[in-house]
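Across the two complexes that follow, subunit A remains constant while its partner is subunit B and subsequently subunit C.
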Partner chain A sequence: MYKVYLEVIRIRFLMMLAYRVNYYSGIIIYSLNIGVYYFLWMAIYGNKGTLQGMTVMQMATYIAVSWMSRAFYFNNLDREIAQEIRDGTVAVQLIRPYHYLLVKAFQGLGEGLFRLFLFSVPGMIVVSFIFPIDLPGVSPVWAKFALSLLLGFIVNVEVNLLTGVLAFFILNNQGLIWAKRVIVDLLSGLTIPIVFYPDWMQKVLEFLPFQAISYLPSTVLVKGLAGSDFVHAILIQAVWCVLLWIPIQLIWLKARKTLIVQGG
Partner chain B sequence: MFHLHLFIEYFKQYIKTRMAYRWDFVTQFIMNFFYQGINLIFILVVFQHTSSLGGWNRYEVIFIYGYFLIPWAVFSAFFNLWDFNDRYVIKGELDRVLTRPVYSLVQVIMETMTPESLVGGLTGLVVMGYAAWKLDLSWDLIDILLLFLFTLGSVMIYGGIYIALTSISLYSDSKSDIQPIIYNIGNYGRYPVNIYHRVIQFALTWVLPFAFVGFYPASYLLDHDHWKWYAFLTPLVGILYLGFGLMCWNRGIRHYRGAGN
Partner chain C sequence: MRSIEAHGLTKEFKVYQSRPGLAGAFRDLLNRQYRVIRAVDAIDLTIDQGEIVGYIGENGAGKSTTIKMLTGILEPTAGELKVNGYDPHREREKFVRTIGVVFGQRSQLWWDIAVQESFRLLQKVYRLPDEQYKRHLGRMVEVLEIGDLLDQPVRKLSLGQRMRCELAAALIHQPPLLFLDEPTIGLDVLVKENIRRFLKEINKELGTTILLTTHDISDIEALCSRVVMLDKGRIIYDGSLTKLRLNWGGGRKIHLDFAKNVQLNELEQRTEGLPVKWEQTGQRQYIAHIHHGELAVSEVLSRVVQYVPVQEMRIEEASTEEIVRQIYQEGMTIV
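So, the complex of A and B:
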């Protein structure tokens, strides 16, 4: 059975390869975003060496790492699902002998792996030439980061699946998809690391899944989290991976029964 | 007069099509506010940890952001050339436009306008007004006239740059991703440009003059005389870039061969 999903990853990877021109511009766009946030944060630091327990160098690295991680975990699964529901192709998907949502998730993984190798890694090299950042050399930290990044990816996929399957009930969920994207960018720690939020906001964010997407993986790498801090971060991510699957599965079961194919 | 009449007719049609999906219309409205709010959150959170951003205090940065929203709103209400390549070149809609006795760009603009985006300008005014009130800025008639003139200049800069970029589609029907890249560069203009590296400052002033769609004009309205001459250049740069954009468009139209469908 798992072979089917491996094939899904492979096909999506090849599909991305066919449209690779998008990636050159993608690297430029991400570098531009890293640039604007780099200069903003440097101006915020001014001549203060450390803010909220992060040094200037850690902040610069955090910006680069979190944006390049986004290239890996970001996907449009929610939009794809909504689209397939709207144009009726979901009906065909449902009669095929696989779990529709799992296939979507693995398509996301194929896309993510493509971007990781052809976008994030070269992008990171480019960025490290332009901005003074400090990445660990050959070190077990990278393995920790990889694990954390993968869990962050899963949480993001689940958030996307959840937004997507809501299209079964809200037929035009463009607004929702858009709002979700903006919220994830803001609250996941991509633009503002969670420690910079006011205390009350940090407390709220602790109970939301978004920090597991960007803040925790980036912190694992940038601060080189070890011991119980690392285990704690991974546990939070793992718990969200499990917790988010419950509403998805429930909505999915209900949705299959109430599906109305619009003009299939 | 003729163009005004045409505009009103197009506008009526537009309202009819939008009102068919009222709920969609309303959500887009809310989303617009929401998105601008998000950027304000960034500024507010950041200023909890510092008292100045390159010498600008919290309300000054908010003021600059408020100004930035106004030309952007006007521009995005009337220039929606994002899917021009797909809609007009590949699907061949431009052939229809070219057979009609009105300037092609005017037709394209009227067919793709989204006047509801103007609401963003209102948001900008509110944000700016709030910051001005906190900063205790005194405004007289000349400032309001200048605001109007600067806005016009900034819109022309946006217009010129994006019309020039859109004209590329008239030469080649393959998709290019240059517009999103330029959009992301445009976002540099909403913060004080003196925080950027000198090379970037130069590029934002003389190459892709996005410093003129936010920072320079706003800094003058904030009574910072340091960038005064840049602020006054805004309308001039606007005319220059719009002229360049129109030139590209006209040449492109002459060159246009159709996608062959």
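So, the complex of A and C:
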């Protein structure tokens, strides 16, 4: 069965290659974002060496790492699913002997891996020449980061699937998709690391899945989390991976029952 | 073995209605009114292995909805349904391995990548052994003449090219049952010909059951031995094409070319009492529309020939298309 999913990943690779222009424009957008946030945060730091327990160097590294991670975990599965529901292609997916949402998730993984190897890794090397950042050399921290990043990816995919399948009930969920995108960028710690939020907000965010997407993996790498801190972070992520699957599966089953294939 | 067995199969949709005006829109927010529409109304349908059945009906008659229930996409509201021995909706993943589906209006190939990549993915999806996959695909590529298209992205194919690839994709796992939803819509005659020939071959060699919905009656004439006709969610005819023709296609036309000029009312007088209507198309050319019966044809001819010599004549049977149009216009209650 896993062969199907490998094949799905391969196909997504091919599709990404078919749309190279998107890929090039992506490089420019991400470079700009890293540049903008770097200079913004440098201005905020001014001549202070440390804010909220993060040094200037850690902050710069955090920006680079979190954006490059975003290239990996980010995808438009929600929009794709909504689109397929709207134009009725979902019917074609249902005549195949696989779990539609699982296939979608693996398509996201194919897209993520493509950008990770052809975009994030080379991008990271370029960034490390331009901005003074501090990455660990050959170190087990990378393995921990990889695990945490993968879990972050899964949580993000699940958030996207959830947003996407809601299109079964809200036939035009463009607004929801946009709102979700901004919320994920903001609350996952991408634009503002979570330690910079007021205390009460941090408390709230602890109970939301978003920090598991970006903040936790980036912190694992930048601060080199070890021991119980690391285990704690991974556990939070793992719990969200499981918890989020429940509503997705429930909505999916309900959706299949009430499915109306639009457009004849 | 039975391919399809349905009893009292019914599908209802809730259709939400919006009240007019702004005030209505606000009221809709709180409680929405809906109306239940019965798209498919308690139909019974049994199809045996190896049959080719044409499923016809006007737009909105419930054809597509039936197909979607039979393929497990939609859950029936009521009724019993077994397809290839499975409950299509509940046992979807196991069931869909035993069917192939072609939707004429939407592609099941991956739009942006080469056709052969889609095929390869399907090979993995259906877990087909390499050798069997290659042999079967090679055969289909040959018959459908799609060898040159395999390395092209689907979006660059013409409709006819794409449709042949879709067929190959739907049959890649050699399913015993094939659903075709408007497979020849918008195709030119040569491609239609090719597709029909291919379908016949598949049916003959592999015993594939085929259920076909179409607006193109020539598809039915070329392929189907049996026709199921649907109107407003109910089956109004289920039987052979020949019988349909015999019962409702009794109408024949005799094109007559007389040796000398004849008046319309003279002909009418001569054939009085017979179920015939005359239509003048030229000075000496007439068409006799005969409503039904073999006898009437010879009777009309014998009466006319005695009176005026015939130079040329041609008897024409009503086409299936005309019959179907007639049935839909006049309605039919007998099954």
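The working rule: the second predicted complex is superposed on the first by the 263 of 264 C-alpha atoms of A that agree within 3 Å, B and C clash if a C-alpha of one lies under 4 Å from a C-alpha of the other, contacts with A are read in each partner's own complex, and residues count from 1 in each chain.
As a convention for this text, a contact is a pair of C-beta atoms (placed from the backbone, for glycine too) under 8 Å apart; a residue touches a chain by one contact, two chains touch by 3 or more.
As the structure is a computational prediction, the values presented were derived from the model and not from experiment.
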{"item": "Partner chain in contact with A:K3 - subunit B first, subunit C second, else both or neither", "value": "second"}
{"item": "Touched partner set for A:I125, first subunit B, second subunit C, both or neither", "value": "neither"}
{"item": "Partner chain in contact with A:W178 - subunit B first, subunit C second, else both or neither", "value": "first"}
{"item": "Contacts of A:R96 with subunit B and subunit C, given as first, second, both or neither", "value": "second"}
{"item": "Which superposed partner A:L253 touches (first subunit B, second subunit C, both, neither)", "value": "neither"}
{"item": "Touching partner for A:L14 - first (subunit B), second (subunit C), both, neither", "value": "second"}
{"item": "Touching partner for A:V138 - first (subunit B), second (subunit C), both, neither", "value": "neither"}
{"item": "Touched partner set for A:G88, first subunit B, second subunit C, both or neither", "value": "second"}
{"item": "Subunit B/subunit C common contact set on subunit A", "value": "none"}
{"item": "Subunit B to subunit A touching residues, read off their complex", "value": "21, 23-24, 27-28, 30-31, 34-35, 38, 41-42, 45-46, 48-50, 52-54, 177-178, 180-181, 184-185, 187-188, 191-192, 195-197, 200"}
{"item": "Sites on subunit A touched by subunit C in the complex", "value": "3-4, 6-8, 11, 14-15, 18-19, 87-89, 91-92, 94-99, 256-257, 259-261, 263-264"}
{"item": "Subunit A - residues contacting subunit B, complex", "value": "21-22, 24-26, 28-29, 32-33, 35-36, 39-40, 42-46, 48, 51-52, 172, 174-175, 178-179, 182, 186, 191-192, 196-198"}
{"item": "Subunit A-facing residues of subunit C, complex", "value": "13, 64, 68, 71-75, 89, 92-94, 96-97, 99, 101, 103, 105-108, 110, 112-114, 117, 120-121, 124-127, 153"}
